[in-house]
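When the chains are written out, they are named A, B, C, D, E and F in that same order, and each has its own residue count from 1.
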Amino acid sequence: MVYDTIGASPVAWAGKPYPAVRDVAERDGSTVVVPIGSLEQHGHHLPTSTDTILADAVATTAAERAADAMPVLVTPPIWTGHSPHHTPFGGTASLDGDDLLALLESVAETVLREGFDGLLLLNGHGGNGALVSSATSTIGAVHRAAEVLGVTYFDLGAERIGEIRDSDRGGAGHAGEVETSMLAHLRPDLVDLDAAEGTPWESPYDRSRDDLSHPGPLSAYADFDAYSETGAVGTPELATAEKGERFFEVFVDEVGDVLERLHAQASE
Amino acid sequence: MVYDTIGASPVAWAGKPYPAVRDVAERDGSTVVVPIGSLEQHGHHLPTSTDTILADAVATTAAERAADAMPVLVTPPIWTGHSPHHTPFGGTASLDGDDLLALLESVAETVLREGFDGLLLLNGHGGNGALVSSATSTIGAVHRAAEVLGVTYFDLGAERIGEIRDSDRGGAGHAGEVETSMLAHLRPDLVDLDAAEGTPWESPYDRSRDDLSHPGPLSAYADFDAYSETGAVGTPELATAEKGERFFEVFVDEVGDVLERLHAQASE
Amino acid sequence: MVYDTIGASPVAWAGKPYPAVRDVAERDGSTVVVPIGSLEQHGHHLPTSTDTILADAVATTAAERAADAMPVLVTPPIWTGHSPHHTPFGGTASLDGDDLLALLESVAETVLREGFDGLLLLNGHGGNGALVSSATSTIGAVHRAAEVLGVTYFDLGAERIGEIRDSDRGGAGHAGEVETSMLAHLRPDLVDLDAAEGTPWESPYDRSRDDLSHPGPLSAYADFDAYSETGAVGTPELATAEKGERFFEVFVDEVGDVLERLHAQASE
Amino acid sequence: MVYDTIGASPVAWAGKPYPAVRDVAERDGSTVVVPIGSLEQHGHHLPTSTDTILADAVATTAAERAADAMPVLVTPPIWTGHSPHHTPFGGTASLDGDDLLALLESVAETVLREGFDGLLLLNGHGGNGALVSSATSTIGAVHRAAEVLGVTYFDLGAERIGEIRDSDRGGAGHAGEVETSMLAHLRPDLVDLDAAEGTPWESPYDRSRDDLSHPGPLSAYADFDAYSETGAVGTPELATAEKGERFFEVFVDEVGDVLERLHAQASE
Amino acid sequence: MVYDTIGASPVAWAGKPYPAVRDVAERDGSTVVVPIGSLEQHGHHLPTSTDTILADAVATTAAERAADAMPVLVTPPIWTGHSPHHTPFGGTASLDGDDLLALLESVAETVLREGFDGLLLLNGHGGNGALVSSATSTIGAVHRAAEVLGVTYFDLGAERIGEIRDSDRGGAGHAGEVETSMLAHLRPDLVDLDAAEGTPWESPYDRSRDDLSHPGPLSAYADFDAYSETGAVGTPELATAEKGERFFEVFVDEVGDVLERLHAQASE
Amino acid sequence: MVYDTIGASPVAWAGKPYPAVRDVAERDGSTVVVPIGSLEQHGHHLPTSTDTILADAVATTAAERAADAMPVLVTPPIWTGHSPHHTPFGGTASLDGDDLLALLESVAETVLREGFDGLLLLNGHGGNGALVSSATSTIGAVHRAAEVLGVTYFDLGAERIGEIRDSDRGGAGHAGEVETSMLAHLRPDLVDLDAAEGTPWESPYDRSRDDLSHPGPLSAYADFDAYSETGAVGTPELATAEKGERFFEVFVDEVGDVLERLHAQASE
């Protein structure tokens, strides 16, 4: 199964001629999903496009499964994320925060003009999280007739993820157990499990996030070389493709629920 | 007790001549707090400056109590928040998201130039939350030598708040039990408890916030006239000044902890 | 009498619930005043918020006295001024010129949307003067149905001020006789008259301003450490609270005249 | 005598090859003048470029006379001014305020990089006045080693102008006695004195400008069709080329004084 | 052969962990290629991602072949192009011109920071052409140590293309013979040759482009519904996968020459 | 013959009172031409305003000749071009690319508001070329009812120029045979033929421009001090005023054709 082929999925906007896009947009409660990732260091064992691949795969699979019950399309993923905290390692492209916010607003503006009733910004990179949430508000305030949502997929389903994972809190970080497992499942050609080496995530602030599944109310800026020598944060050593499939199914399922609810709201 | 007097507090930057500001900035682990509120509708019973007053009061009181143990100052509050979802009611001033982000970056730029080692953006308005979090990242990426934090105060101490409040989930919303109680404690001259009337918060999305103390991973834009007829969301009818004092003490305590930890990190 | 309490005045937008703001906005010839100050060095004897306190006090008092005859509200003061020329001393926060201009435009946009017929930008900081005047034009050009004015309060009533002051030309500068006297009147808790020490204002250009009451056609940029060692320019040594009350009354009176005329124009 | 020929004057940057520009820039106290005008309606009798021609002529003539005593060059005039208040008449091009401010900053940035020690922004259009003054501050704050000035030429020499003119206060407005006379002197080919018809300037605010020679502290936005039917404000009917020469000499003389003083300051 | 798989190519930045990206960047004369496409209507027979797929395929294949002789990587394609002239048809996302320019500058800024010596912006969409050329200048002016190039691939090799194609001038337009043939070769799953129907390109201006292989000096804006009913311009009816392979080889060859020369320059 | 006098030409917008501008704008197929030049080094023998003078002269003369057959006006030339590649020599003012793009968009916005049916951006500086072409698209996309064109005049008539010139390919570069000859014809007072010394243009890329008459598809950024010691590129030594007149006539003729066709299109 290949998730990252431009236009290959039946829900890919990119693979359709324009009359087919219009047909979907015009149906009641039609929804478009924009996956948002990054191009940034993910330790020695994962490719720089990890977040982009995962956001794209979650979005596309969830939309494919929802497509019988609702009109939905997925745009190509945005790979130009906000990653200043990863630049000390290299291999990283990063937009400034206001530039990413403006890009998301522009894409939303132009996509909603087609007549879609709903929009889901589906993010896969922690550094984008607050900006995607900000964009939900700034886009929603302009397009009041549309239903506008934003979410970072790994903020969903924390409990269910907890039942699958082997690592303690701090093990599911940037390029840690969860991301590594999923990429080993989806794109084994790009993963080098032998090179997987990370440092468990320990935040100096007990109210800030210190695990993919443990967000916190406090935002604290820190360059990732303060957390990890390899760039990986968590315990990727515990990753397996088998767990990766299970993690992936949880996230796809969660996003599917969001899409179902979004469709219901957008149809009103 | 009056919290909103410009410069009256011993930790107010505004009340000091510049040599005194410099003295604080030059000490090891010096920190500046920027309270961020709004000017927006808060139902029929609370003033439009509710969020500004509360952010200012929490920040100032926490800093006053911390001032013996650390060098800390508080700027005047920023009252120009991001409130497009409240404009249908009127009484509301609102900056666009990118303009608020730029304003926070500018203030941080100029304040950190004074030589402070740490910065805490202390937000009191839900609509600012993601933008303040975004600002933490964009400011931190530019000022890497400084310790940069951001938080919305009511995202802290949810469990302790739960022990005090009388309302069910959905009762502590915009101008609901918690905000109303605190303002009744701090500024009774501006509160009309008899006019307090709200609608409990029910989000159409079970993964999005539906109470001050129940945040969720999903961001969903909605104009507040979809939630409430009066503009108040929650059960302000349950508010009392007595509970307000207790709520306030929890938040001040939580922010105090953040400041203490921030000081430790910024002193390294 | 305390001028700087958020929402305490009967003309304070900040102190009213939104229905009360709307009631004022809907009346014929309704006007909103936006005080604009700064947070910047004011010598060794005045607090950094001097301009903000004064702009707020003049605006609020003038509006209170006018409120019987016209519908008028005052927003909280904007304290993020344009003060690059004071940064060499420290204690100073400063927006870039275009950022302040954009902020004023945004505030005006959102405030005028409420339905006010008139807007007065009431400035208290010399460094903001040209930008506030620029904003009057850029705001007016967009909101042609509204009556839009801007003024720096100390540019008014020069002759009457001259009858009260004791200093020669050059004595009423930044943190000089006039500002110091007024703050000693309004907020004696924040003034240290014993520390008052300034250098009379001497401009190298005889066509540029060299006193609060002596503006000139020529604009000349100069860092204030070229004018003064303490940061104060003028003769604050001559300041008294008694004169401060008289100065203050002149400015309040002048602004009152402007408001009266503005109301008449905005009612047409 | 022709003033508006690109590069024809011995002080024109535009007329020199780059080594000659460099030679001037490298001399002690070297100064560059940027004339700023507009392209906007000037009644039925004056061309739309009136302000551009006059700013250019005053700047160039003053610089030519100063050139023996100081190193000075003049750039071509900027004709893209800020004129929203004239657009109801047509014939008018106008930049938004922030765009003009940005343009002036860019030109200054690039011009000062050549090594000039001083900069004079010489404005000839009322609508640009506050923006040019703002630019003086924003440019000066960035280029602290340079001496940066800004002035609207007709704000200079008011008393001397008063001795020459025949009109009462209100007669020297936009396309009024003074501008018309000067253009009749400098460019008679572009003036149609028979078509000269204006309305004396009466401001509804007695503290705002109501004559070229009577500025006021209050800024008030007003579209010019509220002042005048033809677009001309003042009494152009009184204009003569003879007076025009005398007015022109006053302004050239005033600007010459400014240049002399600027050179002295910039040489330090 | 699949061209559009994120990270699958040995020259894909996206498929490598960061240490491998750094290894390439550090070699002498290292070069990065950024493919730039669009998401826009391409008639009834081609998918909306046509330009993105083609720019990506040309860039990646040329880089793969060059990789033995030079250090080179390719980023994921940018699919957010400038396509206002296609929006009347729908199915089209489009950035404003300045937003695309800013995006290219940001990507270049961040990519060149990695240490690459050369940059090639490889564009595949006519509407982006001038902006990519503009970006070459604005990026080059900032990164003067790097070798910065930009080109629209179909502007290369016009003569060789002419030997292969069957259509007359006007037949190789937007979604015409050349693009359709190449996509039929590279991604037959996304092409519906039976639906291919276009209108030969006839420009009202004989000095402007009227065929992919016939550029002109004159730029003329026109919405594409003025040229074509289906959105396709040219004669896609003549397209075959066989010719597509030959066209593709020409462009890959031409870009290969550019890369070789760029490497030589960047190695100096 | 003098071409650069503001307002002296019968087709100069600048020389007309506003009612006369309106009269032209209201006629069917009315067109406005905006000449765009630069202020930049042009070797030791040409003035820094060379491109501005030439763009203005070509535009004005072509429009004068077309004026009998169509309603057409010319604005003053924009002299603030994009010239970063010339700054190493000095004598050069340069806007950033996005600032020039924004300026052109603003001028177009304001000029088209007058009611003109067509717009021609007539550029005379190579460094502006792509930006002017970009502006054609961004302006056209906003003003869809208007006919919007852009061209760099020396990209026209290459064949006819080739018949007149004496230099080989590479001889007609920046300040080379063609530009020098034309300026010697039009403004001999500003040309020093004895100082003419250039280096023939040799691009390292055979697909990029290496002569005014030999454009290429490849854009390559290079500072001009890499090409030439004097700043002049080409063989200005071959220039004569006689050839200059012939070159000029070719370009005027070409632009005349463009205007004629533009008028026809704009009249529909």
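Just so we're on the same page, contacts are C-beta pairs under 8 Å (C-beta built on N, C-alpha and C of every residue); 3 or more make two chains touch, one makes a residue touch a chain.
Owing to the predicted nature of the structure, the values given are computational and were not obtained by experimental measurement.
Undergrad: Chains shared as neighbours by chain A and chain B?
TA: Chains that touch both chain A and chain B, as defined above, do not exist here.
Undergrad: What shortest step count links chain C and chain E in the network of chain contacts?
TA: The distance in steps between these two chains is 3.
Undergrad: Would the interface of chain D with chain F count as same or different, where same needs over half of all numbers used to appear in both copies?
TA: Looking at both copies, the contact residues mostly coincide.
Undergrad: Approximately how many whole Å separate the CA-defined centres of chain B and chain E?
TA: Roughly 49 Å separates the two chain centres.
Undergrad: Taking each chain's centre as the mean of its CA atoms, how far is chain B from chain F in angstrom?
TA: Spacing between the chain centres: roughly 56 Å.
Undergrad: For chain B and chain C, let me know how many angstrom lie between their CA-based centres, rounded off.
TA: Taking the average C-alpha coordinate of chain B and of chain C, the gap between them is 27 Å.
Undergrad: Can you tell me which residues of chain C touch two or more of the remaining chains?
TA: Expected reply: 96, 102.
Undergrad: Pick one for the touching-chains graph, please: line, ring, star, complete, other.
TA: Shape = ring; chains linked end to end, path closes on itself.
Undergrad: If the ring is traversed from chain B in the direction of chain C, what sequence of chains comes out?
TA: Ring order, starting at chain B and heading to chain C first: B, C, D, F, E, A.
Undergrad: Show which residues of chain E lie in contact with chain F when the two form their complex.
TA: 82, 84-85, 96-98, 101-102, 127, 129-141, 144, 147-152, 155-156, 204-207, 215, 217-223, 254, 257-258, 261-262, 264-265
Undergrad: Give the list of chain B residues in touch with chain C in this complex.
TA: 2, 4-8, 13-22, 25, 39-49, 52-53, 56, 75-76, 78-80, 87, 89-96, 99, 102-103, 106-107, 110-111, 113-114, 187, 189-190, 192, 195, 231
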